[in-house]
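The data blocks that follow each hold one structure.
Same chain, two partners: chain A is paired with chain B first, then with chain C.
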Partner chain A sequence: MNIEDRLREALEREPAPADFKRKVMQALPAKKNLSIFWWNRRLSLALALAVIVAAVVPTVIVENRHRRGIAARDQLLTALRVTNTTLRRTKQMIHKNTRRSS
Partner chain B sequence: MKGFWLLFALALPLAAQQGFDFKSLDKLGANAKDVTNITLEGDNLKLASNFLGNDKNNQSLKSLVANLKGIYVRSWEFERDGMYNAADLEPFRAYLRAAQWPKIVEVKEDGELSEIFLKSDDAGKSGGVAIISAERRELTIVYIDGPISLADVAKLSGSLDIPNPDVLKHGTGGASKSNANGKKDE
Partner chain C sequence: MGLDFARIVDDNQSMVVSLAKRYLRDPETAEEIAQDVFLQLYRQLDRIETPEHATFWLRRAICHRAIDESRRRKLRPRVGLENIPEPRAETSAPDAMLNGRLRRLVSALPDMPRMIVLLRYQEDLDPSEIAALLEMPVSTVKSHLHRSLVVLREKLGRATAKQEACS
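Moving on, here comes the complex of A and B:
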């Protein structure tokens, strides 16, 4: 056999094996399953994150509101104390002046 | 010229309705050792009253505060005499005059001055109280906007024995008493 014949034989088109198509089709669903697995995993992670955010955010808001409320109440009480002190001082001045003039 | 003065006279009460800009008083405290700066209005005031306790004393305080529009307190303590310019109080007095808050008390004694202004609404009810107390080393301005009388203030802040907020603190911020640098005293 000369080289030309050997080359022709090597490059000759061969029909696919009988179960080739079946093997390819079997391989495809396996890939699809893997993709669903990853999507499920991502979805679970997103859900877990959403649950954490849903649990944490209201707590932070309530805590923040509580802190603001306490600070505002303290300010209110301080304001009333200052007002009271100022009024008392004014009252004392009025009394002194009244006593002096009488 | 006549028109200008007429416009000016008309604009004064209008400006008074806009509310006083308390930031304009900040220069009074430029040399202050201690500064108390409290502004409570709107939601913040409601929030403050919601956080008062539920006992009998606090109930009357709550009902009073619920009707108020705003509470503004500015107080400055100075290390020496004459460290503030009394003329800087004039814009506040002018505002009170324009808003028709008549002065009901003025007491002068040894270089100290105390003034009380009381706003009356059309029905003759008290619509607010303003106090200016100018001592040698301490200056205090109190402005309470809303239906409150002097008797209410005295009753609430006097006989109810309002505690020091520090006692009530639960490890939180507190009133904005600050030093001259504007830092809060914790």
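Moving on, here comes the complex of A and C:
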């Protein structure tokens, strides 16, 4: 048998101590607490983000409404100006026609 | 995916403990580190996709933890390949005796060659897999393997000749 085969034979995995698995499994709850700690931190972070979003989103909505209101007001004023001009011209025409007929 | 952690421990405990013990040569520390590596895996279980992935992850983790631990604790002063002690002559069953000698010779190898020999002959990994695991060039792995084999063969041959002369 050559040295490599000898090494393979000599270095076969040895079984773990009988209580190894039990020790690992017993140590898990401590780890779970750690996991709960991290989940709590994640939850806190998520809540903080939700509060920020809750505060920012309504402001953005109000701001948008305000901007649309201003745009609507401007359009209305333009329409009124156009109507005013049209009415004035119509009035002038009526005046002219009335004078001519009298 | 829900992997069964208890099953992973069953399937891999022998590999993890053997690697740690043979590398660190301190059974208590080795067992402690092996447990710690399993707990580390448990914390990251949601990132592990298959049992093969778990084995790969554990092998990598135990190698790096053992190397770090060895460096940190300076478990033993660095020993050159030429300083490996001659194995003692023994009179038990020839194969068991030879295997015991080989294990002692391997445990006397310097840190990196020892880990490489363990991964090659205990875990049956090829040099490219070992290189990836230990993050080093394949040529370095091959060179460590070659030199280790030369030294092991020589020391083993010398010890066997000595024993034959005595009997």
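The criterion applied here is as follows: the second predicted complex is superposed on the first by the 76 of 102 C-alpha atoms of A that agree within 3 Å, B and C clash if a C-alpha of one lies under 4 Å from a C-alpha of the other, contacts with A are read in each partner's own complex, and residues count from 1 in each chain.
In this section, a contact is a pair of C-beta atoms (placed from the backbone, for glycine too) under 8 Å apart; a residue touches a chain by one contact, two chains touch by 3 or more.
Predicted model only: the values in this text are computed from it and were never measured.
Peer 1: Which partner chains sit in contact with A:41 here, chain B, chain C, both or neither? Use first/second/both/neither.
Peer 2: neither
Peer 1: For A:20, decide between first (touching chain B), second (touching chain C), both and neither.
Peer 2: In the superposition, A:20 touches chain C alone.
Peer 1: After superposition on the shared chain, which partner residues are touched by A:8: those of chain B (first), chain C (second), both, or neither?
Peer 2: second
Peer 1: Please write out, lowest number first, the residues of chain A touched by both chain B and chain C across the two complexes.
Peer 2: After superposing on chain A, no chain A residue contacts both chain B and chain C.
Peer 1: Taking the complex as given, what residues does chain A use to touch chain C?
Peer 2: Residues in contact with chain C: 3-4, 6-17, 20-21, 23-25, 27-28, 31, 34-35.
Peer 1: Give the list of chain C residues in touch with chain A in this complex.
Peer 2: Interface residues on the chain C side: 5-6, 9-10, 13-18, 21-22, 31, 34-35, 38-39, 42-43, 95, 98-100, 102-103, 106, 117-118, 120-122, 124, 149, 152-153, 156.
Peer 1: Can you check the complex and tell me which residues of chain A touch chain B?
Peer 2: So the residues of chain A in touch with chain B come to 65, 67-90, 93-94, 96-97.
Peer 1: For the complex, give me every residue of chain B touching chain A.
Peer 2: So the residues of chain B in touch with chain A come to 36, 38, 40, 44-45, 47-52, 61, 65, 71, 73, 75, 105, 107, 109, 112, 114, 116, 131, 133, 135, 140, 142, 144, 150, 153-154, 156-158, 162-165, 168-170, 172-177.
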